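All chains are identified by letter, namely A, B, C and D, in their written order; residue positions are counted from 1 within each chain.
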């Protein structure tokens, strides 16, 4: 067997011994079921383990992790996590946590093709396009950090527009949505949205509400409908 | 058996007889394979059958139809159709055809929840939000028509941003992308984009390029990163 | 403009004239809305236009077409079509129509990689694996035809296991599900399932119910759990 | 601010202090990039945090977690994680880790509808159907445990059938695939597949290869094609 895998298995035995040494009933108590109060939607990046950086125990955080912590509104994988945690487990908070140094955001800012994953990352390119005026004059590092932050805000917005969240708000006033960014250079998380639990909160972070979109006038040509609009 | 189903089966026999009466080899000629030059991405709406309204024969148009003719960039269903038709069949044109009176667009303009499909239609709500200044003062009918047109332009843009299309352009200069709208009241199709086969063409219909997005200044508060951006 | 595209646009004008010549109110009557009784889930193949081969008019068939007419149970694209047509339009029949000479089935039977689409076609490989004993001794043409037929039966089964269909059955006893195969060599459609509108019907086409799966005993080794099962 | 959220933020500050107290360069060293050797595909369940139960540090495990640790072959979310970790990060191992007491498996074994998530869990129902003869006589607890184990084996099989994994095997002989189950009652993980890195390995866990499927003969009726097959 691979040494690495053997090491993980050995570590697991060791961990169990440590836990039982402190508390004989440790596993018995959680075996019956889970009652997490938090859903974490984070990046798959190996440097951002949600339980460690929040010093939480098994049982406290329900977790979905994908490339660049995206909330894609037609993604049955994420929607299933969201529905189960909100409607069945009744979590009280949903945290979307991005992080500086995100490979997905970096890829979206560049032009190199990576294959299938490029389809997944397209949404970030739209965020970059929308906010281009804001970030175009920044140096590369600052620009990437801004897009990481804006990407998190976008995902919180996306969550707040799902029926799952809206119906939960209607009936219980929960969960609260939070947009966080983890800094791999310092270990610290910072908040990038207020705690949101209603439409007013979503409006506060809505890029359409927060901006003024002036459509340029174009010279008339054969594509009448487009022209009259754009 | 249901009368309706029996009718369809009878019609099918009749259709075969009619075809063979005119041309004994009709089916033999197409049986070997297909060589369509067109991919049609249209709405599932029963009133918009692509072959009839273009008077084309079996074998001429490769077809994908979904609710509101959407090109969702993480949708494996549509991406598979696109990849197969562009890379294997080497179609020369991709037509996205929307239509006035689209139930999906109407649903996206309203507030009623329809269930699972609401997740699918979220993208149209984003289009509405982006262009709200443009359509807010229109009467209901005119607004819906504008959104139908803008939705088609968006989907052509989405196509032009896929690697499948970009790589095809790089190597062959094809396919050409077209945005059409079908009018159920007149039976006529109209064009709403130029024929696009390169980045310059995509830029022409890009909502970010075609608009000027001014981000409003907000009073400082605890969410520093968001404030400094928005 | 491309000659082909101009031709389609010219054809469209001609088609409108023809329709109006016969019936001045042709388009006015359908403009108000659609009331299709049928949802068609068919292949994108250009040679299989549902309305032509059933001689139906615009307004009669709601249509979804994808590669190899697949019903993937986590596919938001297809599920949205299904939900809208069953719950909002209240269609009375859902027809899954495959066809001989299907490029998707052929690809699944081979070993060549086509890229992204291979992920889409994996389900057909599972069907081939399940029925391998049945088809392995057939010549290539007969095997492909059998898999086309079995693939259609599978998709009808998949439909019958969705909540959308099950809930509709519970409340209205509809829609009826049908599995059809179109023969590109003859133009004829044939039925490959009964008309199904309840669990008993689904059981009739269930491959698990229709087969007897004998699990082989394996020699014990370190993977105890697997061994005791397999 | 919610007390719970404040607690998490306080914990984070505390965690950073602890890390820096032991190693001033702790964060500096990982900030440059990640080099994980492992991709973990696990359940979202809050009781199964991969890094804790394997005592690994940030930077060691790339993580995807969804409901019931499923590998759905058309799921762009999971496929993107897989492609990025295998092709860009070049992980050497992919571990699919299920766990006893899985709410998703329990839901799939029952008949209660949970909504959108039921579409996600359909695949587990197929696993149950396939292995029904094997598990039908077990008591409820034992049956659920068996299905948890078999579900993990299925997902490893699904991984081994993706082009991403197959192409990596072809060019590098890696990654190794592993199927694990975590026992929430004991804290221990056990292996349920060998370490697989080629087709021979996949054949060993293939349910079609491991079983003998005898197709029952059915009485002839009007659905000739189905009858002759089933």
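Descriptive notes on the structure:
Everything that follows uses one rule, which is that a contact is a pair of C-beta atoms (placed from the backbone, for glycine too) under 8 Å apart; a residue touches a chain by one contact, two chains touch by 3 or more.
Note that the structure is a prediction, hence the values are computed from the model and not measured.
The minimum number of touch steps linking chain B to chain D comes to 1. Both copies, chain B and chain C, contribute mostly matching positions to the interface they share, with over half of the numbers common to the two.
The distance from the centre of chain A to the centre of chain C, with each centre set as the mean of the Cα atoms, comes to 35 Å. Put simply, the C-alpha centre of chain B and that of chain C have 21 angstrom between them. If each chain is reduced to the centroid of its CA atoms, chain C and chain D end up 29 Å from each other.
The multi-chain contact residues of chain A, meaning those touching 2 or more other chains, are 72, 74-77, 79, 115-116, 119-120, 191.
Residue ranges on chain D touching chain B, taken from their complex, read 74-77, 116.
Across the complex, chain D meets chain C through its residues 72-75, 79, 113, 115, 118-120, 122-123, 125, 129-134, 146, 149-150, 153, 158, 161-163, 167, 181, 190-194, 205-208, 210-216, 218, 222-223, 225-226, 229-230.
Listing the residues of chain D that touch chain A in their complex gives 1-2, 4-5, 8-9, 11-16, 19-20, 26-28, 30-31, 33-34, 36-38, 44-56, 58-67, 72, 75-81, 83-85, 87-88, 92-93, 101, 103-104, 114-117, 119-121, 164, 176, 178, 184-189, 191, 195.
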